[in-house]
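Naming follows writing order (A, B, C, D, E and F), and every chain is counted from residue 1.
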Amino acid sequence: MSLFFTAFLVALITWFVATAMPMFLRWSCYFGGPLVAGLVMGLIFGDVTYGLKVGATIQMAYFGLIAVGGALPSDLALAGYLGTALAMSVGLEPSAALTVAVPLGALGLLCFNARMTLNAVWVHKAETYAKEGNIRGVKAMNLFASQLFPILTYFIPSFITIYVGSQGLVKFLAYVPDVFVKALSVTGGLIPALGIGMLLSYLWKKEYAPFLFIGFILSAYLKINIIGIAVLGASAAIFFAFQKEKEVV
Amino acid sequence: MSLFFTAFLVALITWFVATAMPMFLRWSCYFGGPLVAGLVMGLIFGDVTYGLKVGATIQMAYFGLIAVGGALPSDLALAGYLGTALAMSVGLEPSAALTVAVPLGALGLLCFNARMTLNAVWVHKAETYAKEGNIRGVKAMNLFASQLFPILTYFIPSFITIYVGSQGLVKFLAYVPDVFVKALSVTGGLIPALGIGMLLSYLWKKEYAPFLFIGFILSAYLKINIIGIAVLGASAAIFFAFQKEKEVV
Amino acid sequence: MSLFFTAFLVALITWFVATAMPMFLRWSCYFGGPLVAGLVMGLIFGDVTYGLKVGATIQMAYFGLIAVGGALPSDLALAGYLGTALAMSVGLEPSAALTVAVPLGALGLLCFNARMTLNAVWVHKAETYAKEGNIRGVKAMNLFASQLFPILTYFIPSFITIYVGSQGLVKFLAYVPDVFVKALSVTGGLIPALGIGMLLSYLWKKEYAPFLFIGFILSAYLKINIIGIAVLGASAAIFFAFQKEKEVV
Amino acid sequence: MSEQVGKQKKKLTRKQLIKTWLTWISFAQMNYNFERLQGLGYCHAMTHPIKALYEKSEDIKSALSRHLIFFNTESTWGSMIVGITCALEEENANNPDMDPSIINNVKTSLMGPMAGIGDSITQGLVKVVLLAIGIDLAIQGNALGPILYVLLFTLYTVGLSYILFFQGYKMGKSAIINLLSSNVIDKATDALKIMSLMIVGGLSASMIRAKSALVFTLGKTVVEIQPILDNIFPKLLSLGALFLAFYLLKKKEKSPTYVLGVLFVVGFVGTFLKVLG
Amino acid sequence: MSEQVGKQKKKLTRKQLIKTWLTWISFAQMNYNFERLQGLGYCHAMTHPIKALYEKSEDIKSALSRHLIFFNTESTWGSMIVGITCALEEENANNPDMDPSIINNVKTSLMGPMAGIGDSITQGLVKVVLLAIGIDLAIQGNALGPILYVLLFTLYTVGLSYILFFQGYKMGKSAIINLLSSNVIDKATDALKIMSLMIVGGLSASMIRAKSALVFTLGKTVVEIQPILDNIFPKLLSLGALFLAFYLLKKKEKSPTYVLGVLFVVGFVGTFLKVLG
Amino acid sequence: MSEQVGKQKKKLTRKQLIKTWLTWISFAQMNYNFERLQGLGYCHAMTHPIKALYEKSEDIKSALSRHLIFFNTESTWGSMIVGITCALEEENANNPDMDPSIINNVKTSLMGPMAGIGDSITQGLVKVVLLAIGIDLAIQGNALGPILYVLLFTLYTVGLSYILFFQGYKMGKSAIINLLSSNVIDKATDALKIMSLMIVGGLSASMIRAKSALVFTLGKTVVEIQPILDNIFPKLLSLGALFLAFYLLKKKEKSPTYVLGVLFVVGFVGTFLKVLG
């Protein structure tokens, strides 16, 4: 596949997931962007196993990302689809890929915010149509007009990143000393603390803190996986909820 | 040992455990019939190790069997003593033995019910003795008369099963395809779900369901054995019982 | 190092830890006497690894030792410093060392009690100084006078034990049969039950007994170490403390 | 309390009591039948106190008839009722004013609760735990499995019934009524449920054997389902089998034999379709 | 309730309802923007009932304008609000006395609670658990990882929103108000926190990779710190990294990007100083 | 509060306070004895504030005598009492109307509770946890074991006593009385018990070594008992040893030395009879 075409495809997918994908799919494909990108980019770049590993490693940083009330802490379309593609195109180790994707996700907030600001225009247009009773007009504003700005804010930057950036990055990486690569990998291991820390901030309630440590021990000492911990957690939660209920009654 | 004598011995033991054994021994030897039969039949057939494995495997199906209010879900004398003997006499794999023993246990309900119906006769006779103040008569009804019908309903069918059935079964098994044997073994693995499901039905209380899952995880993930789970369960139970007590006071 | 000098050094250290060491260090160096002695005596005898093992093994017996209200169940300066030194000087196996050190700790109560009785003298002297408003006198009673008797009760017995006792013990051990050594080691394994039993007596509260068993299972079945158990214990404790608080409010 | 001063009070000897208890725990279900269940067994046990306490033929006849009534309980814990009955018969023998119908009232009102708690503990707990030990040893070919099982279980039935029988005799009916009116039994039953449900969970993971034989081919690589399931949630299929049985028994109220049939069908069809294996 | 006897009551067909639901769960955030957030998406979904219920141009115009109001919620759980709105519009179309402003009142009062519970469950729980499975498979190079993840998550969003939408339509506003005034949601949120905090604990041990590269030389022996830490408290540094992030986010109220920067600095400095590795 | 307007109020300097604290945590038990226990140590510590606050010889004499009273507490947590006493002496020096006997009342009423909580935490918890780490390292021949143990424990005693001393000084007696009258200490003690009992359980499994050497011959096969016990309930004998010691200490109220003797007898007899090994 020519670099041009690859860049085109990556940009198209990134744009689509970021803004045009039906909401019921977005929940998985956007919030699990890197994981899904691993498979998609693996197919595009012709190495599924490598893709899966890169995607899964990047995903770890976004485990606990919570987007509440329209506020996005990081753009997962860019971090995921563009990030995985960029890392693969220069052949980074999965653990180092994280440190390429994560800054993309942070920068991606610019794209997101631009679109969030610009798109208000179409609501006002829709308001005019509404006053005229023009249902089709209202629909068109939501479905089609809404996609114009994102092409500017998502498609074009993504295309350039791959088409121009990947070559630059390859050259750059040739000069990077070993300890730097090691440091990237170490940092990659730390970054999941951000996502999980965000989740923790969202959930935090002092009197339930003990369960945080119980979950930690179950994993650190006993190697129980997340499903197992979830089942134990649900058991504890349900039992104590019942107990309380009875107290009240 | 001649087949006749073996059949006689097996039938005698089956009958004895089913009906004549003192109650305080019945609790172990009847409800743990297959397990005990493993040793007993192992001695009779001259291969204790094989017997123990067959018996223990069959026993798994009856782990959770609960006989409440005179209602028996399966006859454990037949499933255990006769079942183990039959399986051993035709040299079945322990995992397949289960599928021979379990139907015997189900059929055994016929024997059990026949006896439960017929034995009422002796109560009426005892009533007459009671009205005469004849203590010895009352005792005799309970001790000896009660054993007459069970000879019909337990001893004879058991004897025939071994004396005639085992030879038939050997011939039959020669024609059985491999996949069938495999299926028997798979089914054998599923059957304990029945006994444990019965126990669960008996114990079920919605608000304590979490403990079911906790016990499951302790075994499935952490390989804690039943004693360990019982100790943990007792600890939880006692602690919460104490907690509640204080609430009331 | 000559035996005389070694004996002198050991006696000096034992005396110092027993009575002259600043309180804030005593908490670790006295109550963890054997553990610390392992390192100290290892350096003196020139075999740190051996010393550490002997000390750590002896320490196990005193895990749970609790000294409350001035009552000491065993003297840890003698059991620890003198005990480790004596065991090392005759080259005992770590597991057998315990059975040399523990009786020393028990005998050590004599030294402790002697000192506790005699030292009251200086308080009366201090009282006289106080009535005279002589601050320096009061200080001197606490700092210096207090060290006179302990030299009698700690230094001298310790010196003799090493200088004389170790040679005697070597000769004695030559005649000891193998089964006796084995028995010493078995007993060494049991002795920690004493210290832990003392801790348990101190902590015992019937309604919290379940947690004893939970801790036991966590260690026996799941090999969770003490820190892990402490974290789980703290989690449970904090959660239930919070629960109760709410009940009251 | 009777005040028959002068007349010597009748009292059962220890030997007579032991005989009664022994008869009960040996022969309670000897003539088990649908009409009276343990009725004849109960009467058999009571022949010892009856012989000892009553002289008049009339009294003996009515006492024997009295104890042939329908009766059913869990025999170990139910020993307590037999003990209480001994105390009541003693009182009846000494006190001509007592209404003997009270004896059967006590018996029938206690047999239910005692069966409830007894079945939970004897069958739901003690049996299960001891069987777990026994099976574990036996499956390795160790004969100690069944031997330990029988010894420990018999120790339980004999030891506990002995204690409860004499407790019952000593405390008479009053203490039992206290016990039942307090909510101790409710609490104990609840505690037992917690414990037993954990055991049931553990059993279903350790005793039910269910594995998938499914294999997919994704491109060139062969993907086996069972190791993936093990990674995600070990013993998931065992749990599934348990819930299938539970669902049929509890929600659909099917008989055990029906469930047995279903399991056979699942096992055979699953094997033939190479889904299970 | 309207009493327009004679006049046929207007009712949304199942097909119209399904179209509404589908439009919502597909296009709720299509024109997401800072001014109205999901406002235009909501209006888009409501075009179906509006077309079906109103004939007069005036009614259509005011209904369309009504639903362009600011709106934001978690779209899966928020489907319930759309369902309720359908019921309300139906009532409004049949009952000329109804004050239509009630519709937007209901919408805005429900969108907060629904976002709260929905975000906790969809993002905090379902996503996390499914991602854990997916990553676990993918990291081993198994393509089932992302596939299972997308399938199961979509099953959740589609299935749950379908159920909640029709529940909302059936129960109307009364039931929801009951729900909110009872403390069921508070309790559910509490239970969720317990469960999710355990998961967070587990994630931090399994997902955060932090190891010390420190090595001491004590006399002749070389002492590595990491194995000692592992012996004392495994994954201690992972827990430390979590608390660093948590501290900055929660107590210092720093932005995620700031924390990202800190983690980069820690990672690089730690590596260069040979403390981490 | 004194109202000595005009006259400069006496105040202890930070340096004087630190000297007092340091003397206390260094020399509290220097002249430990059965008659007054830490009495002389307490007086020694108080010489610093006494020198600083009083000028009149009479005042100095009575203050010195006052602090020679019987005193005993856990020295780390007890630092708080010394801090409070400093505040009280300060008040006494400034307020001629104050009754100085209140000072000793406060001391003696606080020493018990502080010893209770201090002993539980310092000896029952901190020591045990740190020893566990230390022993674990030392037994592998790692010198960090005792070193870490001493460092961390000293950090605890010095750090905590410093904080509590100054807390006590700042809050004076009122705050402490609040603390004691609320049930915070009761609850904390309860929480500590839960935690410590779990640790005791863990210790008994990991620290008590007890194995059976019994071997049976059943027919031709040799059956070792220990592996069977391990299968049934690992470390059962360790638990047994714990309960033996506990039973003797708590129920029989035997001395530790007696229990030691029993353990020696059990160990030797058990080894000779080849039951233990």
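In this text, a contact is a pair of C-beta atoms (placed from the backbone, for glycine too) under 8 Å apart; a residue touches a chain by one contact, two chains touch by 3 or more.
Only a predicted model underlies this, so the values are computations on that prediction, with no experimental measurement involved.
The set of chains in contact with chain A as well as chain B comprises C, D.
Of the two chain pairs examined here, E-F and C-F, it is C-F that is joined by more C-beta pairs in contact.
Work out the mean CA point of chain B and of chain F, and you get 58 Å between them.
With centres defined as mean CA coordinates, chain D is found 52 Å away from chain C. Each chain gets one centre point, the mean of its Cα atoms, and the points for chain A and chain E are 14 Å apart.
Each of residues 133, 136, 142-143, 231-233 in chain E touches at least two other chains.
Counting partner chains per residue, chain C shows two or more touched chains at residues 48, 208-209, 211, 213-214, 216-217, 220-222, 224-225, 227-228, 231-232, 234, 236, 238, 247.
Under the contact rule defined at the top, the touching pairs of chains are A-B, A-C, A-D, A-E, B-C, B-D, B-F, C-E, C-F, D-E, D-F, E-F. Interface residues of chain E, counted against chain A in their complex, comprise 24-37, 39-41, 43-44, 47, 50-51, 57, 60-61, 64-65, 68, 72, 75-76, 115, 119-120, 122-125, 127-136, 138-139, 141-143, 145-147, 149-150, 153-154, 156-158, 161, 187-188, 190-211, 233-235, 238-239, 241-242, 244-246, 248-250, 255-257, 259-260, 263-264, 266-268, 270-272, 276-277. For chain E in complex with chain C, the touching residues are 219, 231-233. Of all the residues in chain A, the ones that touch chain D in their complex are 48, 225, 227-228, 231. By the touch criterion given at the top, residues 133, 136-137, 142-144 of chain D touch chain F in their complex.
Chain C contributes residues 222, 224-225, 228, 231-232, 234-236, 238-239, 242, 247 to its touches with chain A in the complex.
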